[in-house]
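What follows is a set of structures to go through.
Paired with chain B in one complex and with chain C in the other, chain A is shared by the two complexes that follow.
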Partner chain A sequence: MYKFKRIYLPEFIEYLQKTYFVFAPVKSGTETEFKQITSFTEIDQSRLNTTISPKEIFFPRSEVLFTYDEDGIKTPPKREKPAALWGMRACDTRSMRILNDVFANAHQMPEKDMFKDPYWIDKYKDCLLITEACLNPLSTCFCNWFSSGPFDETGSDIFVVKGEVDYYLKGITPKGKEVLAGFEKTEKTIAKDEEELKVLQSIADSYMNPPTDLGDLKDKLGKIWDDPLWDEIGAKCINCGACAYVCPTCHCFDVSDEGKGNKGKRVRLWDACMFQLFTKEASGHNPRSNSIHRVRQRIMHKYNYFVDNYQKFLCTGCGRCVTVCPVNMDIREIIKQILDHKIEKKDK
Partner chain B sequence: MCNTYIPIPMKIERIINENPDKSLRTYNLSFVNEADKEKFVYMPGQFCEFSILGKGESPFGIASSPTEEGILKFTVSRTGSVTREIHYLQEGDIVGVRGPLGNWYPEELVRGQDVVIIGGGFAFTTLRAMIVYMLEHRDRYGKITVIYGARTPEHFIYKEELDEWEKRDDIILHLTIDKPYPGWEKLIGFVPTITKEVRLDSQSYVIVCGPPIMIKYTLPVLSEIGFQDDKIFTSLERRMKCGIGKCGRCGIGSKYVCIDGPVFSLAELNKIPEAF
Partner chain C sequence: MTELQNKIKELISNKTLDLVIGWGNGSMPLVSTPMFIKSEADAEKVIFDPTCRNNLATYLTKDKRRLGKDYEKIGIVVKGCDARSVVLYVTENQVRRDQVFLIGVPCHGVIEKKKIFDLTEGREVLEKKIIGEKITLKGREFEITVPLHDVLSDSCLGCRYPDAREFDLFIGEPRDEVEVKGEFKVVDDFEAKSSEERWDYIKDEYSRCIRCYACRNVCPSCYCNECFVDQNDPQWIGKTPEVTDNIIFHLIRNLHLAGRCVDCGACVSACPVNLNLRIMNKKVEKEMKERFDYTAGLDINEKPAMATYCENEKQDFIMG
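And then the complex of A and B:
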């Protein structure tokens, strides 16, 4: 474990910028988003979770797949340097690893090159994920439901804790270790530092609400697909899609053309299973025509279907959807409702 | 790493109007680049994303058989914005194609077996591909029976081929229309009814493709006749966009129609919520 004085953060950012484009939480209006920064002064250190998740760095809300003109099709230029993300939280770091499973790991069929997403892979493959410990988790945080917590290092290249005077840093992956070794302002931590870290972690843990055991969630969902419970769960939802928009793991998209004459581009845009048009076919037929069915789809995908394909939940407990929902739907309450639900025996 | 989002250019060689109101058109496409042609290896039942740059992309089943070398055939019904644009195209125009995508009809499984093909309306495209493929390798399969229903005689597609197949003695064709029509002397009745009336051997393999309502009412009839669920295959339609299991639009349960399908056995579908 290393540390450097907090006053050296600007230098550390500059050091990273030699190899990386550095992205960090930046305030814009009332929101905080991950943006590319040129100087450390742009970093918003007041927020725990950014309003929009960092998925946008690798999977932009609107991304040009190619442009075309008389000369043919051209793919957009690649990012000149890989991205380093400063100020990520454990939930988001784990989310990026999950998304990488979807986009880069070709549905666990590595031989199927055609299933890999080159746009994601180009941006993600050499990135540096620096996770910062959450010292004062929010009331909406529920990462501890997913065997995670405020000090979870999983998936990080470097793990950082902001101490009273120092930043404490731990290289997790070989890449992370190498980056830390190359920064000259670092010193080795001493016993007193370990004490501070322990105190900070126990304070952070004390902020967390007790977790709900999700051991039975997947199986339970497998049994209630046509249960009237969904009418109850989905009644409030207005299908605005805000939850999917801020979610660090939601990754559905639309592909659309924008062009005039023989010039134009094909773009992909974030989309959501909350929208009626998501599944509506040209004939007018809509396999998921009902709002309740769309709510069910979102829950089923995250906690049942995705587990079938990737052996993990498509959720890391960041709590953003709880914060943004305009009708106060709380995914934690929904999960509890599902777990507590007694399935009525069918006598048919 | 390949980029599956980039379409290959293809040239429209021929446009065939399939019915008098011109709402159904078949497009025969040829490869602009020889290298693309070499790489495009497919089987009946697979689909492509067909696009016009600037207008958008839509998924269509491949109506040609890989035995018809050098061409790809798609039949397009004018329904939404992309298909309307496709209908404005002329012979000689260049379009974009991505594929082949998805899985295919169980051609190897049905070798040495009797095969029943059941289709309705213009969803006959990939079934045509399968029939042409089987006729080209005729000695690989047992008896081939086709039941094909349309609203009126005008609504059948590939009429010339249907006439040719009727003349052959190695394929049995049952054409049916929904209600009596002047001059029509073949079968009258909906596909499920005809399926019940025609005597089918329940040991055969069945491939069904048609509008959702036809599939919904035909499957119980097949079960009633005694076909096993793992011998009934159908092709699902969803609004596929990426075609590689990412964009999420064609999810049914934990499966994606674009990579796990579009062809599924009834045994598989019974395990998937939301399949019908």
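And then the complex of A and C:
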């Protein structure tokens, strides 16, 4: 484990900028979002979680796939340097690894090479994920439901803890270790530092609400697809896309052609299973015609279908959807409701 | 148990109503949640306090199966603005007055999350207490007590009809029109700016829109089966969340709400990125007031402003 004085953060950012485009939480209006920074002064450290997750660095809200005109088709220029993300949280780091499974590593599919998304891979492949420990988790955080926690290093290249005077840094992957080794201002930590880290971690852990055991969740969901419980759960959903758009793991997209005359572009945009239009067919038929069907889809995808395909949940407990939902559909309560639900035996 | 809970319990147990839409405690201190009450036990969980910011009327039109098919008659707990939305539905032939049972509650305004955020500088509120006219917010390292007035939504501060004028039952004594100062101050201030300043503000604000459509979906007045932004043949608007298309979405929504917005503030509180959505809606409301002396949702027998014509209307926008 290494450390450097907090005053050296600007230098560390500059050091990263030699190899990377550095992205970090930046204030945008009243909100905080991951944006590319030119100087460390732009970093907003006041919030625990950014409003919109960092997924948009690799999977932008709208992304031009190609443009066309009379001369032919052009693909947009690639990012010149890979991205380094400063100020990630453990939940977001794990989310990016999950999304990478979807876009670049669909190992469960028999035709696995067919499902490699070049747009994601280009932006993601050499990225550096620097996770910062959460010293002050929110009441909406529930990463501990997924065997994670405020100090979880999983998936990080470098793990950082902000101490009283120092940043403590740990290289996790070979890439992360190499980056740390190249920065001159680092020193080795001493026993006193380890003490501080332990205290910080125990304080952070004490802020977390007790976790819910999700051991039975996947199987339970498999049995209640047509249960009236969904009417109860889905009734108040108003079918906006706020939850999906702030979610670090939701990754559904739409493709839209925007052109005029001989010129135009094909764009990939975020989409959400909460929208009525998402499943509407050309005939006019909509297999998920109401909010109840759509809410069920969102829950089933995250905690059942995805587990079938990837052996993990499509959720890391960041709590953003809990905070933004206009009608307080709290996914934690929905999960508890499902786990507590007694399945009535059907007469056949 | 409160009087509201008792009344709902009574209405459910004597089968006057088989569904009442109300508010219950949310999962966070400053948030309530819409509740669909079908049993006496549910009725005991109903609350009404300054966290009840959702406009519940929206549920009458959001899911068309609900009214008439699933339930004969639905009860709704209404603030002044919710009741105005129901009146609007009746005037627009979306709901028959006899299909809904309105339970009025005395409203003294609801809390706006952005004001709380500004007050606590973004720190999380873990506990709130409202005593009289004061609210106390507690977090891990702070405790702040301010007049409740300071954190109420701008819509509430400029609201002339806090209590339902149309109701079947009222808990307490309904107030009629109350006096407010500077109802359109936000518009007047904005109009006083130069056109460049106004355009810059609108551009900056709407460039942050992520097009999640939370504003549209919570809005009681937005009930089209298919919104123009969702139509793709023809496609009226680019789906990309870029500033030009964002502005088109919001401005068209503003115009579609002419004479229909009740200024309930639901869009403002729903926005996950805290856009100032009120200013343009209020501008349109002001125009309707000045040109047609029309305020949405006040008179159940009145025709909707955009569905009627009077010879003495100001027509200077056509005649120059």
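Everything below uses one rule, namely that the second predicted complex is superposed on the first by the 341 of 348 C-alpha atoms of A that agree within 3 Å, B and C clash if a C-alpha of one lies under 4 Å from a C-alpha of the other, contacts with A are read in each partner's own complex, and residues count from 1 in each chain.
Everything that follows uses one rule, which is that a contact is a pair of C-beta atoms (placed from the backbone, for glycine too) under 8 Å apart; a residue touches a chain by one contact, two chains touch by 3 or more.
Just so you know, these numbers come straight off a predicted model, no measurement behind them.
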{"item": "Partner chain(s) touched by A:175 [first = chain B, second = chain C, both, neither]", "value": "neither"}
{"item": "Touching partner for A:301 - first (chain B), second (chain C), both, neither", "value": "first"}
{"item": "Touching partner for A:256 - first (chain B), second (chain C), both, neither", "value": "both"}
{"item": "Touching partner for A:68 - first (chain B), second (chain C), both, neither", "value": "first"}
{"item": "Partner chain(s) touched by A:309 [first = chain B, second = chain C, both, neither]", "value": "first"}
{"item": "Which of chain B and chain C A:103 touches, first, second, both or neither", "value": "first"}
{"item": "Touching partner for A:279 - first (chain B), second (chain C), both, neither", "value": "first"}
{"item": "Shared chain A surface residues [contacts with chain B and with chain C]", "value": "254, 256, 258"}
{"item": "Complex interface listing, chain B residues touching chain A", "value": "1-7, 51, 53-58, 79-83, 212, 237-239, 241-242, 244-249, 251-254, 259, 273-274"}
{"item": "Contact set on chain A toward chain B in their complex", "value": "65-66, 68, 73, 75, 102-103, 107, 113-119, 121, 225-226, 251-260, 262, 264, 266, 268, 271, 273, 278-283, 285, 287-288, 297, 300-301, 304-306, 308-309"}
{"item": "Sites on chain C touched by chain A in the complex", "value": "26-28, 31-36, 54, 58-59, 62-63, 65, 114, 117, 121-122, 124, 126, 140, 204-205, 208, 210-214, 216-218, 226, 230, 238-242, 266, 269-270, 272-275"}
{"item": "Complex contacts: residues of chain A adjacent to chain C", "value": "28-31, 46-47, 51-52, 61-62, 136, 138-140, 207, 232, 235-236, 238-242, 244-246, 254, 256, 258, 267, 269-270, 272, 275-277, 290-291, 322-324, 326-330, 332-333"}
